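By written order: A, B, C and D. Residues from 1 in each chain.
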Amino acid sequence: MNELFEMGKRILQEQPFSIFLGAELTVFEKGKSEITLVVREEFKQQHGFVHGGVISYLADNCLTYAEGSVLGDAVTSEYKINYVRPAIGERLIARATVLSSGKRQAVCDCRVVAIGEKGETLVAIAQGTISKVDQ
Amino acid sequence: MNELFEMGKRILQEQPFSIFLGAELTVFEKGKSEITLVVREEFKQQHGFVHGGVISYLADNCLTYAEGSVLGDAVTSEYKINYVRPAIGERLIARATVLSSGKRQAVCDCRVVAIGEKGETLVAIAQGTISKVDQ
Amino acid sequence: MNELFEMGKRILQEQPFSIFLGAELTVFEKGKSEITLVVREEFKQQHGFVHGGVISYLADNCLTYAEGSVLGDAVTSEYKINYVRPAIGERLIARATVLSSGKRQAVCDCRVVAIGEKGETLVAIAQGTISKVDQ
Amino acid sequence: MNELFEMGKRILQEQPFSIFLGAELTVFEKGKSEITLVVREEFKQQHGFVHGGVISYLADNCLTYAEGSVLGDAVTSEYKINYVRPAIGERLIARATVLSSGKRQAVCDCRVVAIGEKGETLVAIAQGTISKVDQ
């Protein structure tokens, strides 16, 4: 495991909310990140699908990671998410990519897929602005 | 307590993720909704602020409620959120309003505030499209 | 006419695209802006409504003005717009307000209305991040 | 030239605003569209860059075209755009792709590039929801 990936995993372990949900950093490279979450009953809404809030958490966190791989310590300034299919499955995977990066900010996109019996289903699409934390 | 508000509270109790986080519906009127969440240690990120995913959950759910007060059973199609201040405090309150409503969709906005020692601080601003669930 | 308003009008006259379309700054105060546009045949799309691009121009420019009233020379970093009704009428008016302002950025919202025989109709709702131009 | 492309070009000629600006449909395939615009002095803002409103027009129209290639007559419901670099150059090209398509709506993304002496520069990134026009 390389250094960047180790650092990324360590930071995820410093996020109580990510531990609470059980999120796992599965890819972390320059300009790319992937976070995986095993679906639990507690994550659902009244129709039996994974709650949008869980999907938003994943997209938000994954967007920030993508940017963090390029600019260092980062926070999400804003993002937009489209839910495109009900999220059903055993696992959710969010994958984010840096599309454009400046000195202080990067614009990234993210796709969230649900992994079920039939393989991957695209459930959400996000685009956001991530800002470097001033130090 | 009126009928609409009772129904709203019952539906929130059918959302396992909302129970898991401890969200409470505090206002539910025609065109308006408010959801309150007591902040717990598990909701934070590595800098000690409430994780954006928690704030997004609140905004998403509150937007859907606002629309549901007008059109009935509803899901968030998409939304956009700006985080404007770090979320620090004992409670978060999301307040959403229907801005425009058609037969199938409504556009709503939402403000999320953190309640701490100094009173309310605006922490996030969202705008989204909520769609009626076809039956 | 006060100084801020005069400066705002002067800057609009330095935007060739705003002159090209005939936009007029009608309100410009601390935290608030309004831009008015007389609708011409050339502004329409194939269904006879004002083209979304014209409405987006208005929202984008008005958002930037709102922020400019607070932070000075500004550019739109990003925004999101919902078109809620077909834009029919003689004039369009965009009205933007600063919702939250930091040192470098502000978050503003904007409503675009069409003015026709029946008075005002809300046609679009926008929310955006405006950034100070570094100097 | 195939039938779909011809139809697309004919519809663009029915949009007065697209004629007014001089936009040209340069690609129109199942799930994909490209619109090109020659930059004129009238399209600029006060800093000499192409005005965001022009870029938004391009993104908005191109998103609608992408969806129209799949679902037929379509309108933009909403979109979000990030401006990532000042737009300088002789031409702007918007390229949109359908990412997910349902019966009534599709989610598409769009990249706008400026073509100058140094080749292509990415200037804006958009994501939007396009809705079928009911008939």
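Rule of thumb we're sticking to: a contact is a pair of C-beta atoms (placed from the backbone, for glycine too) under 8 Å apart; a residue touches a chain by one contact, two chains touch by 3 or more.
Quick caveat, the model's predicted, so the values are computed rather than measured.
Asker: In terms of residue numbering, is the interface formed by subunit B and subunit C classified as same (over half shared) or different (under half shared)?
Answerer: Both copies touch with mostly the same residues.
Asker: Report which interface contains more C-beta contacts, comparing A-D against B-D.
Answerer: If we tally the contacting C-beta pairs, A-D comes out ahead.
Asker: Can you compute the centre-to-centre distance for subunit A and subunit B, using the mean CA position of each chain? Integer Å is fine.
Answerer: 21
Asker: Once you find the CA centre of subunit A and the CA centre of subunit D, what distance in Å lies between them?
Answerer: The computed centroid separation for subunit A versus subunit D comes out at 28 Å.
Asker: Which integer distance in Å separates the CA centroid of subunit B from that of subunit D?
Answerer: 33
Asker: At least two partner chains per residue is the criterion; list those residues in subunit A.
Answerer: Only 77-78, 80, 82, 107, 129 qualify.
Asker: Enumerate the contact residues on subunit D facing subunit A in the complex.
Answerer: By the definition above, subunit D touches subunit A via 80, 82, 84-85, 99-100, 102, 107, 109, 122, 125-127, 129.
Asker: Provide the residue numbers of subunit B that touch subunit A in the complex, in ascending order.
Answerer: Against subunit A, subunit B makes touches at 11, 14-21, 41-47, 51-54, 56-58, 60-61, 64, 75-83, 133.
Asker: If we count contacts the way the header does, which residues on subunit A are in touch with subunit C in the complex?
Answerer: Subunit A residues touching subunit C: 77-78, 80, 105, 107, 129.
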